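Each of the two complexes below includes chain A, the first together with chain B, the second together with chain C.
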Partner chain A sequence: MDDIAAWFRWLHQTSGIKLTIFYDSYDRSRFLEGFATTLKLSAYCLILSLLLGAFTAWLCGSKIAAVRRAANGFVQLFRNTPPLVQLYFFYFALGPLLPKVGGMPLLGSLGWAVISLTLLEAAFAAEIFRAGIEAVPRAMIEAAESLGYSRAQVFRLVVLPLALRVTMPAMTNNLVNLVKTTTLAYAIAVPELLYMSAQIWSEQVNVPEMMVVLLISYVAIVGIINQVMQWLEARLRVPGFGQ
Partner chain B sequence: MSKYYVPARFDVVLALRLRPEQYARADRSSGGSLFTARTGFALLAVLLASVAVAQVQARDLSVSVIELLIKWTPLLAKGFLFNLLISVMAMALGTAAGLLLGFARISLLAPVRGTSWVVVQFFRNAPWLVLLFFVMFLMPFELHFGGVTVPFPDWIKATLGLALPIMANFAEIVRGAVQSIPTAQWDAARSLAFSRRQTLWKIILPQCVKRMLPPWMNWYAILTMATTLASIVGVSEVMTITGRITAAEARTDLLIPIYSYVLLWFFLYCYPIALWTKRLELRYAER
Partner chain C sequence: MSDAGLDAPIVPIVRIVDVHKSFGAVEVLRGISLAVNRGEAVCVIGPSGSGKSTLLRCINGLIPVDRGEVFVGAHAVHKLRADQEMIALRKDVSIVFQQYNLFPHKTALENIMMAPIQVLKQSKEEVEARAHELLKKVRLAGKENSYPGELSGGQQQRVAIARALAMRPSVMLFDEVTAALDPETRKEVLVTIRQLVEEGMTSILVTHEMAFAREIAHNVYFTDHGVIVEEGTPAQLFGSPQKERTRAFLEQVL
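And now, the complex of A and B:
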């Protein structure tokens, strides 16, 4: 670790490339905190949006027209308005309405970012789930029914496993988009990767270096997600389908 | 932010996969065009309800929230039009650059293919906001060409920053569309003595237009929504103006109505595009 720090210090002295995050412990801790916040924000939103998305997809197939329409309205509303305006709406317009507990707001900027991004991603996830369920061939369901499966069994043992596999590529896309969208939280001062990097570059005046680090960080996160999802897809592949 | 586009490499993993028209079908089964009006009205109702609530809370104040919204509408409209201007310019730039990059992706020269792959992956996977910062900070505010000084105001830089992800994504659309045309078309053109360039321009691309149009429109809607990001890097567009209005009026009862108002504007612009996109997808898929 010391060797790495020494090398980057040497790099700064000889070439002027100033990567303080490698030798300044304060900058490093800020950067790592930002990284951790981005991952945390993504993880919270991923889990919550999958649950809410599945629930919304289920509501979209409801027998009651009003429920169906409301669920559809939610999906269309969040898909067709700017995510940044949604975030501002939650943080600046709804935020002040919440009661304060001991002088502190009930929900901080991170909380509002989680809520706003979860709703946005849930709208997209709902659409994917719905398409996935519809992509399961009718004949398979009929075959399962003729084998004496109950409706719940058909859903749990036939439709869901197939639908999940079908939606995997779209879900990977969605997850990547989620990680990219967490940068919006910068606008409401959530200490995520972009925000922390901006703090570092405004103090150390090393914009180009931090920019490169930032871009590499995001491309790396996205690359890892793609690899993991691809591996998962290969593992979950249904024998007899595809190549 | 495309939710439609599934990278080509996934195609081999599963025979069952999502196709854009499946999204479209899912939507058609649950409403259709009537639904447009309904959702719009529902939104309006929410807005009006929030205005009404604000009205009740603000009985003692002299100016009502509705009057405030009307008063600031011209300014907001100006800001919104600026967003649309940025979106159109970024789309034009991104499409032109993306077409070239798409050709590079299907080049016969391996180094060109490889380099363009890296470029596409980079700009597709980097967050828009980070790219925007990248262009804002690292581009000079003016350039000297000989004796002429060309200024680069913030909004031009923001337009360039927004065009980058569009370029990369459109390149993938071009590549996907060209590869979806049967090889027999290339062979037939070759046997008729068309050069590769002629084949591409006169035979392959005209057939691609139909396939490229729906995802292209989808990206335009995404771009339009992303223009609000320009406010974060200091361009005075509709979100900046909204922030200034709320600061100037200093009325907490105005916050929900004004943000709903801006949301509504974007919705009324983007939702018809989304519907139209789906209709085109459906029409082309049925053939």
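And now, the complex of A and C:
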């Protein structure tokens, strides 16, 4: 560690390239905190948006017209409005309406970011799931029904596993988008990667350096997601289906 | 199933009375009646589009009838509304489809085991032992871990038959199960079905295999345009058909 710090200090002295996050412990801890917050925000939104998206897709196929319309309305609302406006709406319009607990807001900026981004991504995930569900051949459902499966069993044991496989490539895109969209949380002062980097570069005046670090950081995070999804896709691949 | 038929009086286990079904403006079934006794095999033959597959789907409730009555054992299929009643019916009636319709994400063994575990709530050990037995019966021992996509059409169809048998149904429905197969693999499937019929499995087969129908059926029904034109034993229907329409059809296909 010390060698790395020394090398970056030497780099700064000889070339002027100023990467304080490698040798200034305060900057390093701020950067790592931002990195961790971005990962946390992404992970929460990823899991919650997949669950909510699947649930919404299920509601879109409901027998009750009002339920179908409500689910569709949710999807349209969040797909057709700018994400930043949504985030501002939650934080600045809904935020102040919440009761305060001991003088502190019930929900901080991170909480609002999780809610806002989850709803946004769930709307897209619902559309992807819906397409996947519609891609499951009617004959498969007929086969499952004729074996005495209940409606829930048909969905859980046949429709969902097959739909999931069809949706994998589109879902990967969606998750990548989600990670990139977390940078919007900057606008409501969530201490995520972009926000913390901006704090560092405004003090150290090393904007170009921190920009490069930021880009590389996101390439790394997205790269990991791509790898995991590719691995998952390969694992779930079955001969003669969806190829 | 095996010894139930010996002392039981001969009553039709499947009885269809004046069944009508339309899809939009198209009348597919226009008053069909037929009866199948326990342990018998009945073949339904006729030109494409004469409503044969629809008829089979009315028997296990996949398609609700518009008018008429369908009885399977104690189930009055035309009256079933609740999901639970429908599930009870389907535990008694299994169907094998033209396109096999195996679950592509499950191996041959898993395809057979799923419904007995999930629907009949049988223990995994018991079901697995029986699944191995059934695969042996359809002569696919060794293919337990193959996915449907790795099997030939004939092999997939035999797995589908094993999957249907795993439910220990009282009645088996076969919907043109060899129509998608080449002549060679067709034979392996027909051999399997013949064995079942010889063991006394009550079967209703929609088929274009005239020679096979003639050989194994107790009764043959000839349908056209949603009605039964003629019925009789294979010897009667194939040997000396009474109706002009039947004669014309048989001349075409034989």
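As a working rule, the second predicted complex is superposed on the first by the 231 of 243 C-alpha atoms of A that agree within 3 Å, B and C clash if a C-alpha of one lies under 4 Å from a C-alpha of the other, contacts with A are read in each partner's own complex, and residues count from 1 in each chain.
Keep in mind that, in the parts below, contacts are C-beta pairs under 8 Å (C-beta built on N, C-alpha and C of every residue); 3 or more make two chains touch, one makes a residue touch a chain.
Remember, it's a predicted structure, so these values are computed and weren't measured experimentally.
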Between chain B and chain C, more extensive residue contact with chain A: B
First (chain B), second (chain C), both or neither touched by A:127: first
Chain B versus chain C as contact partner of A:47, first or second or both or neither: neither
Partner chain in contact with A:238 - chain B first, chain C second, else both or neither: both
Which superposed partner A:17 touches (first chain B, second chain C, both, neither): neither
Partner chain in contact with A:187 - chain B first, chain C second, else both or neither: first
Which superposed partner A:85 touches (first chain B, second chain C, both, neither): first
Partner chain(s) touched by A:228 [first = chain B, second = chain C, both, neither]: neither
Chain B versus chain C as contact partner of A:165, first or second or both or neither: both
Contacts of A:149 with chain B and chain C, given as first, second, both or neither: second
Common interface positions of chain A, toward chain B and toward chain C: 162, 165, 238, 241
Residue ranges of chain B in contact with chain A within the complex: 1-3, 5-7, 10, 12-18, 22-23, 25-26, 30-31, 35, 38-39, 42-43, 121-122, 125-130, 133-134, 137-138, 221, 225-229, 231-232, 239, 242, 246, 252, 255-256, 258-260, 262-263, 266-267, 270-271, 274
Residue ranges of chain A touching chain B (in the complex, touch as defined): 60, 68-69, 72-73, 76-77, 79-86, 88-89, 92-94, 96, 124, 127-128, 130-132, 134-137, 162, 165-170, 172-174, 176-177, 179-184, 186-187, 194, 198, 207-208, 211, 214-215, 218-219, 222-223, 230, 233-234, 237-238, 241-243
Of all residues in chain A, those that touch chain C in their complex: 139-140, 142-151, 153, 157-158, 161-162, 165, 236, 238-241
Residues of chain C defined as touching chain A within the complex: 60, 62, 83, 87-88, 90-91, 93-95, 97, 99, 101-105, 114-115, 118-120, 147-150, 163-164, 167
